[in-house]
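Common to both upcoming complexes is chain A, partnered first by chain B, then by chain C.
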Partner chain A sequence: MSKYIVRRLLWMVVVLFFVSIITFLLAFAVPGDPAKSIAGTHATPEVLQRIRTELGLDQPLWKQYGLYLWHLIHGNMGYSYETQLPVTTAILERFPATVMIAVFGIFFELLIGIPVGMISALRQYSVRDRAFTALSLIFLSLPGFFLGMMLMYFLAYQVQIFPLGGYEGWTAPLYGILPGLTLGLGGAAWYSRMLRSSMLDILSADYVKAARAKGLPERTVVWRHIMRNAWSPIVTLLGMDVGWFLGGVLVIEVVFGIPGIGWQAWNAIQTQDLPLIMGTVLFAALLVTVSNFVVDLAYTWLDPRVKYS
Partner chain B sequence: MKVRRSVAMVLVLLTAVAALALGLTACGSSSSSGSTAAATASGTPVKGGTLTVTFQGEPTELDPAVAWEVTSWGIMRLCYQGLLTYAPKPGAAGAELAPELATEVPSATNGGISADAKTYTFHIRKGVMFQAPVSREVTAQDFKYSFERMMKEPLAPATFFYTGVVGAQAFMDGKAKEITGYKVVDDHTIQITIAKPDGTFLYAMAMMFTDVLPKEWVDKVGKQIKRKPLGTGPFVIDHWTPGQEIVGTRNPNYWEAGKPYVDTIKFDLTANPSTALLRLKTGDVDVLGDGIPAADYLRTTQDPTWGKYVYDASEIATFYVFMNVNEKPFTDAKVRQAVNYAIDTARLQKLLGGQAKALNQILPEGMPAHQADKQYYTYDPTKAKQLLADAGFPNGFKVTFYGHNVDPFPKLAQAVQNDLKAVGIDASIKLMDKATYWNLISLPQSHVGIGLTDWYMDFPDPSDFIGPLFTHPIEGGSNASFYSNPEVEKLYAASQSELDPAKRLAMFQQMQDLIMADAPAAILYQPVFNGMYGKDVGGFYYHPVWALQFQEMWKLDGK
Partner chain C sequence: MSAPSTNATQAAGDGRETLVRVEDLRVHFPITSGIVFRHKVGAVYAVDGIDLEIRRGETLGLVGESGCGKSTTGRAILQLIRPTTGRVLYEGGDLAHLKGGALRRQRRRMQMIFQDPYASLNSRMTVGDMVSEPLLVHKLADRAGRKVRVRELLETVGINPNTLNRYPHEFSGGQRQRIGIARALAVEPNFIVCDEPISALDVSIRAQIINLLQQLQREFGLTYLFIAHDLSVVRHISDRVAVMYLGRIVELAENAVLYEQPMHPYTQALLSAVPIPDPVAEERRRPVVLTGDVPSPVEPPSGCHFHTRCPAAREGLCDVEGPTLKEVRPGHWAACHLITLDDYPHIRAGEDDLAVVAEQGGEAAGEGGETA
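== the complex of A and B ==
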């Protein structure tokens, strides 16, 4: 097991290394000029040249990448071209807002998705099951920005329960509820559909029949026999969501005015702020790989049959 | 059964929340209190209160040496000041230079400009204090320090405005320890010598790049100066929470009697423009920093309650189609003129709602030398076809039409594409992100024939348009048409040292005539800023140079 963990960790480093190369090359494949976006369209060529020299943009590509990697190994993600602030600072400043949305998003996904999925499976083809199926389809196909605007219009403007977007830090969690609900309603549909189908598979299994036949209370059958085995796909989905949400959900951030890392990265792309793009991509890639890793480890705990070697 | 009950409980709870929300929707109604009618620039200022302004996203930095965008400037004007500024008035009156920390605007009559027009003398106001914790009087030495700091800053984008100062280039190249042409005569007098007369030098000195800041503060905070500004202005930047807010509070040391009006100005950086509008209506927000979103403009102006809080102001800027005179078929002036006749600019302006107004020349309204009655080209597709035929393209031609992907460029590109199609020019549109685009069209080797661009005023002098856009084409410059006409170049060079303002303006009008006849550009429109403020805001106006002047607004209720 420990061998497995070490191997996985090494693979993570390899993955991040390739992510860094690909991002770097992609950013350079775009024929823009960061100096131009720093100085603005009015600046003269002399000014642009001075800025390029200052940022090292006149160096050959391999040298720029080598230098970047060298600094990265030493824990330095470089400085944003635009603001000249350390990339690490820029990301960590914005990360709490992203975490808040992710936490609320996942909370609502599970809060809605799991009960709905369970009811749909246990009462297959009932009116409720069909209603939930229809609702799931609706929420799956509603774009986040539309749902977000609607929620805000009705629950923050018409009825002023929630704030009209914005973010005031973790001390004001009310700001996280509508963005979380927007993410959660869309996401819950996935969870409920997934849980429904995985539970339906299990419901007809022999060991469930056996459990019922030996007179176990329904509650025990559901929670100890059915759910125990139905969790796996949910955990997989959850692991993916954690990585995805923490990488910053741009649409939600922009609609609700949440200053998260997604929005920051989008701005960085607009201005070709390469160090900040690199930093955010690596950070997001790290989160995805780590959460996948944690999910894999969680399987061994959920299902003792799973063994890694 | 118990399972069902616990699941059901969750659902009941959720339904309850939803029902509660819906129920409230039914009986909820907006309860905004009716306040007095809106006051704009007129009216008596009221002291006290908090002004809340929304922006989507935050400024890159608040360092006057580096920042060159309107959001940063709007916020920086709270705290930084320079020798000169502009009259605090809307419209053309606001393009007049005015003293800020200088006692007067140097001129030949007050002895501020020498007879050879090369030496400028500035007298500095006495008793102006830097904000706490520096809290000492501003001297001529501080201005010199701030100027040299800017010229030495590697990321300073606008040093080229000031390389005419004697010794500036040598200082930038590291060959001199100071800028010899920038002299401190005594604690309250500065003398600046420029190499050759320059009619725009005072405008350059009114830009924020030359604003004063204290050396000891810059040394103390280091790179953080970008986020920890300290100057002489009416508001102290109390804090900047990245991504969330920037808050300015009244500067108790401020030199101008009776100012500022409000106690606090809060910039909320988390609002998307649509929700900002809703927040303004609920009274949480006083001013929309980004203006009204285009999609909400018509509805808002027609709204009986809110229509009167909409404030439209022409921006001194020009949106146009450039045509690269070195790229076929735009090498032929007839083709370029044909494009001018082919575009239905009136329809295009209509398409943009309130964001555009008619403009048929390079120099926008509000810019000196603009000629209100001038119309170089009118919409005339028949004439366009005729010109194309004369140029040897009776059946038109195929071309790629370039633009960046930020509103309104995609809209404009489609409209122009349609109009060109009608006269036989088959244009395929290519859009890209801004950073890529501006770089692409500035390089001759990109071989971009035709595309969209815009230009916003730096200072109210026609040289700021004619110079960078239609003279001296260089790689990486702003002359996207790569247009050069010896006659225009000669006039332009002569205008630089012409000191009689009337003669100078006539020269620029002549240059505009020449350029428009050659048609390296097809002018589309002049943009309009659609501002909006809340019911409790006084002193709101749009300044032609500084845009929104938050530090001069007040709250009608003083809250």
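== the complex of A and C ==
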């Protein structure tokens, strides 16, 4: 098991290395001149040249990447062109807002998705099941920005329950509810569909019949025998969502004006702030690989048949 | 379409009392259509009017082709599938109308052993948890008592009691089936439905499980409904055998009688298909080959369900009216119009296809004629 963990950790480094190469190349493939966006369109050629020398932009690409990697290994993700702040600081400063949205998003996904999925499976083809199926389809196909704006219009503008947008720190959790709900409704649709189908598979299994034949109350049959076997797809989805949400869901952050890492990355893309873009992408990739790793470890705990070696 | 329940008791003439009595049991699964507005468009007549009596302490074999409804019958008796109509009397009390707690309490008395030992054990529970769970719900023992009992049960079925903290995937198919048996025995049931308990096992292990089941029956006075499609296994283990075809019972008799003197054309065909482990006899064996497939239980044939494939079927009789299960001779029940006709022995002797069967069970033809 420990061997497995070490191997997985090494693979994570490899994955991040390739992510860094790809983002680096893509960032340079984008037309435009970072020096120009820093100095402004009216800068003299001398100024531009000086900026390029300072940032190392006049060096060959492989040298620039090598230098970047060297700094990265030492924990330095570079400095933002725009603010001159270390990229690490910039990301960590914006991270709490992103975390709040992610927490609310996952909370709503589970809160809505799990009961809906369970009811749908246990009452297959009932009126409720069919209503949930229809609603899931709607929420699966609604784009996040549209759903976000609708929620904002009805629950923050027409009926002023929640703030329109923004972020006031963790002490004002009300700001996280609408963005969280936007993420959560779409996610809950996925969760409920996955849970429904995995439960339906299990419902017809012989060991569930055996559990009923034992004379167990239905509640025990559902929780101890069915649900214990039905969690796997939920855990898989959860692992992906944790990584994805914490990486900053750009659209949601922009719609609700939340100063998280997603919004920051959005600005960085517009100003061609290469170190910040690179840093955010690498950071998000790290979160995704870590949460995938955690999910794989969780399987061993959830399912005694899973053994890694 | 109907096979009305018979008044005479199948257990008559035998000293043993009836433990389970099934009256006009029907299980119809609705077929629905439409996504938004679901409506019933038909039904699968899986079990279509069954009358059965299972005596205390006996093994009643239930045989038939795949899809004839034998497993559904077993499950409906245990109320794992609720019957559409009909009664299931356990020691005189109707199970089909029990609900909730009352039904759960009765479940102590009857258990099931499943066909597939891989699908019938919850892979996320340890063997010990699985076997002790029924003790917990029925409050049969306290914590310490449960531990002792689980070890005892595992030992009874031949599983090392020290493996109780292991998970099902750590056991072989035969061991898993033993664990399933231990789980069924935990509540000290009187009646066990064995739903093809050996057909998913390796041939080398089958005999072990059969012997275990027989040993347990002697030890605990169990009553079995033994569902199988393997005729020789059923012959080995059963006291009486019931033959099912398309949701109905066509013949029921003592083990020896049914195998030696089958009366129903379907039973005769079924038995003639069993190879004989004797080259000379095997050479002479002329199986009755039934033409066509088993009809769909969605649209069962009119009259006698078997008339579409019966080599002796009579137009205007078999395709019009469904025969009832009648006691043709003491303890021998059959549902066939032809048996009661005066010329039934001639049919059996005259029909080329059936001749060999008549030959095999020579006296059957004669005796069948006498009773008619």
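In the analysis below, the second predicted complex is superposed on the first by the 308 of 309 C-alpha atoms of A that agree within 3 Å, B and C clash if a C-alpha of one lies under 4 Å from a C-alpha of the other, contacts with A are read in each partner's own complex, and residues count from 1 in each chain.
By our rule, a contact is a pair of C-beta atoms (placed from the backbone, for glycine too) under 8 Å apart; a residue touches a chain by one contact, two chains touch by 3 or more.
Keep in mind the model is a prediction, meaning the values are calculated, not measured.
Peer 1: Put the two structures on top of each other at chain A: do chain B and chain C fit, or clash?
Peer 2: In the arrangement built by aligning on chain A, the partners chain C and chain B fit side by side.
Peer 1: Which partner, once the models are overlaid, touches more of chain A's residues, chain C or chain B?
Peer 2: B
Peer 1: Report for A:Thr171: first if it touches chain B alone, second if chain C alone, otherwise both or neither.
Peer 2: In the superposition, A:Thr171 touches no partner, neither chain B nor chain C.
Peer 1: So, does A:Ser2 touch the first partner chain B, the second partner chain C, both, or neither?
Peer 2: Once the two structures are laid over each other on A, A:Ser2 reaches no partner at all.
Peer 1: Have a look at where A:Ala213 lands relative to chain B and chain C in the superposition and call it first, second, both or neither.
Peer 2: second
Peer 1: Can you give the closest approach of chain B to chain C, taken over C-alpha atoms and in whole Å, for the superposition?
Peer 2: 10
Peer 1: Determine where on chain A the residues touched by chain B overlap those touched by chain C, and list them.
Peer 2: On chain A, no residue contacts both chain B in one structure and chain C in the other.
Peer 1: Okay, in this complex, where on chain A does chain C touch?
Peer 2: Touch list, chain A to chain C: 125, 130, 205-207, 209-217, 220, 224-225, 228-229, 302-305.
Peer 1: Considering only the defined contacts, which chain C positions touch chain A in the complex?
Peer 2: My answer: residues 32, 35-36, 38, 75, 78, 80, 104-108, 110-112, 114-116, 119-125, 133-134, 137-138, 167, 169, 180, 183-184, 186-187.
Peer 1: Can you check the complex and tell me which residues of chain B touch chain A?
Peer 2: 1-4, 7, 10-11, 14, 21, 24-25, 28, 56-58, 60-61, 68-69, 154-160, 223, 226-227, 241-244, 268-272, 274-275, 278-279, 281-282, 284, 433-440, 442, 455, 458, 468, 474-478
Peer 1: Enumerate the contact residues on chain A facing chain B in the complex.
Peer 2: For chain A paired with chain B, touching residues are 30-34, 36-48, 50-51, 53-54, 82-85, 90, 93-94, 97, 111-112, 115, 118-119, 122, 149, 152-161, 164-169, 218-219, 222-223, 254-260, 263-264, 267, 269-272.
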